[in-house]
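Dropping a structure here in structure tokens format, bear with me for questions.
Per-chain numbering from 1; labels A, B and C assigned in written order.
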């Protein structure tokens, strides 16, 4: 949409605001102008199949609300102000994770209410995809490192991401810390969470000598327990991580919230730092040695247990950071990490299990595919695109783009 | 006392039967062949939707609808198995869970709502074939201390008959040389190859058979209620693993016992939660039900680590942890 | 050169990520004899084993077993031709009984096909035959007392024995043993040696990978030496073990071998 419609990205309503009664389907929104000032008295209508099903007029703060819609489906939100018409198509979905009421922020700043060209849409989607890809990469590198050092596929890694998202929400929205500070605090909390998981859980299991399949089953149990605990504590709602609004930035045809660019910057910086650390750092090199051959690394004086512990701390911290960034990019929900987990697996497999650099490339491919395919497939099937890429890769190149084949015997 | 009676009633409900059946299928994968399928919910979804759509949209008769549904499940198993079975165990785990989610997202999508009902699912007007044959008197039926609606009891009867037939079939299969080959594959694929066994073929057969049983379970699962996409979330598969390991993986009757205990405990904790809500300790029952799944997850971890052989499993057989 | 070869390989080449693991121009394994495949660590012996038995694929090369081309066949087809291997790290089926391990060694059981599985009439008779044969072989290997124990409960040496016993269920023509003595306690070594020699008496061909030169000298009729993926010498144990090239290959690669002392003994 050429009209800068930042759908549900920086919803103005915080948690308290976004708590309608059950089964109240509808939209709630904010209209503002180029100077980000509220637009009062704009006529808002919601249409379904060309029929108007609800109307409202924006109040002094630019807010409007149309509730009591029939249920899930595709709706068109039409805003008329200053002699111009702005339209956006929006779907209400019952997924068990999103609220029946969607928040919309619409701006009149980028006025041309004409259909954007495919090229423009592609550019917009590609930037979103890059953003998604980078934050998948941050989370997936932790997954990949844990796999590399202990050959363990952790199905509870998505919950580390959710943990970060929820901690980010707690620090930013409840404790009112500035966004960047909240992100840092959540990352530290995530690192501590990773450390505790290894200390209290995975390390004793490794010591006990349980098989990898047992660990895998234990990890789905842990994932289910944690996810349900998050759902219990945080609820079913989908909330913005922060109320901070940094405005939007237009680069050519691409309009994105400034926070997304900052998020991408942070992602790249973190990924470069991890990359350099793996290549140059003493522990980083030890990590790669352990990933190559744990027995040999142990024999040559590397403290495998310590390396594994550090990898868990790093993995927890990176996952939490990714959760914060995902919370800024999308919203925070109790299953945000689980949904991302499958895309992380796609990235890790695409890059070849256990290779950190392959994972980065894989993540960007998955992120781009997920976002770009939305141009052709329905929005509520967004993740299907990324998962389909995973399945397709396994059909063609099971060892991944950069993986090696293993020796038998 | 009511709590306990209400909970014990779960032993024979249709849901318990359907879960037991799906877990029997999963047991062929995981318990006997060592295939880590984290997407059994996908097979169950294919079963439920395949049947409902065949009957309501395509107007097929019920035997034909069952046949079509099972064929779909077989096709899906082949699609999953052929590319992934030659890879490491975790690839199959990842691909099965990913494909199960693809199925759920697709069924949930409003894009196909005209066929699948989208997020609302499909209203139940496909179970006439089973309810129509109900021999029990109309209304409420008393069975010991419990009361069932006539329909529920009839569906439960049919379900448990199916479970019994399948369980006996699986028992005989597992006792046969074919079953021994599956167990051998669970222990060591390379050893089996060196002994001249076509490992991939056997794994594919196991995947197809367990998946088809899962789809059959899906058909049973949706008979008493409507079809809802949310039911087929990954949680369904994880519940089945809990049942499987609770009852005893690699035993034929373990999944059945596991399903019974699972649902009794779930119902019992549900009653506890309701009491908690009444006493003002919990905000609402939905919240409480999340808490129950925290317990399920924790139970799964504890079981797989400390009692991997489950209740019915042979202690010696599973005390050697397969490395 | 052996006059009657059971296995003939030509131009077998395998490299991993640019490093050549196996590059064998030509080799023949004599029928009815015991052949030892020796060489320093990393010489490519196990990789060559994997290639010959279909567990790994070479970049190029052909080989035939008993006149039948085998390259490109999946491992289970190779095994069914009568070419059975064991592994360096024993692969017993731990959570199955010793007897079940043995039954799986048989390839004559029609009940292993899914369509026959429920038809007891089809497979019961073969099952009885297999059980009888399994008990016979187990008795030969002194494992008959353990028939109903789980294989995971066996000692390292007993596992080696079980693996060998299991391989015999099919009456193979060629038995390929990858380091049969590795990790076996000395008390069992002698009996293992006896069993291998016994295979030859029963008309089978044996090819084994080994580091222990005493064993090679005592047991082998023919020795093939590999180094850096190539075959650098072959011949009778006496001629090969006194060859300078072989000694160099060993001493160059790892010097803890007892080869030198062996040759001095001979002199």
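Observations on the structure shown:
We take it that a residue touches a chain if its C-beta (ideal position, glycine included) is under 8 Å from a C-beta of that chain, and two chains touch if they have at least 3 such contacts.
In UniProt terms the chains read A, B = Branched-chain amino acid ABC transporter permease; C = ABC transporter ATP-binding protein.
Given the structure is predicted, the values throughout are model-derived calculations rather than measurements.
Chain B has the Cα centre that lies closest to the mean of all protein Cα atoms in view. Note: the chain lying farthest from subunit A is C, by mean C-alpha position. Taking each chain's centre as the average of its CA atoms, subunit B and subunit C sit 44 Å apart.
A separation of 31 Å divides the Cα centre of subunit A from that of subunit B. Averaging Cα coordinates per chain places subunit A and subunit C 53 Å apart.
Within subunit C, the positions touching two or more other chains are listed as 55, 87. Touching of two or more other chains is recorded for residues 408-409 of subunit A. Looking at subunit B, residues 190, 322 sit in touch with two or more other chains.
On the subunit B side of its complex with subunit C, the touching residues are 169, 172-173, 176-181, 183-184, 186-188, 190-199, 205, 316-318, 320, 322. Across the complex, subunit C meets subunit B through its residues 53, 55, 74-77, 79-80, 84-87, 91-96, 100, 103-105, 107, 109, 111-114, 116-118, 120, 123, 127, 150, 152-153, 166-167, 170. For subunit B in complex with subunit A, the residues that touch the partner chain are 34, 36, 38, 83-84, 86-91, 93-95, 97-99, 101-102, 105-106, 108-111, 113, 118-120, 190, 230, 233-235, 238, 241-242, 245, 286-287, 290-301, 304-305, 308, 321-323. Within the complex formed with subunit B, the residues of subunit A that make contact are 71-74, 91, 93-96, 153, 155, 205, 208-214, 216-218, 220-229, 231-232, 235-236, 338, 342, 345-346, 349, 353, 377-378, 380-381, 383-384, 387-388, 390-391, 394-395, 398, 408-409.
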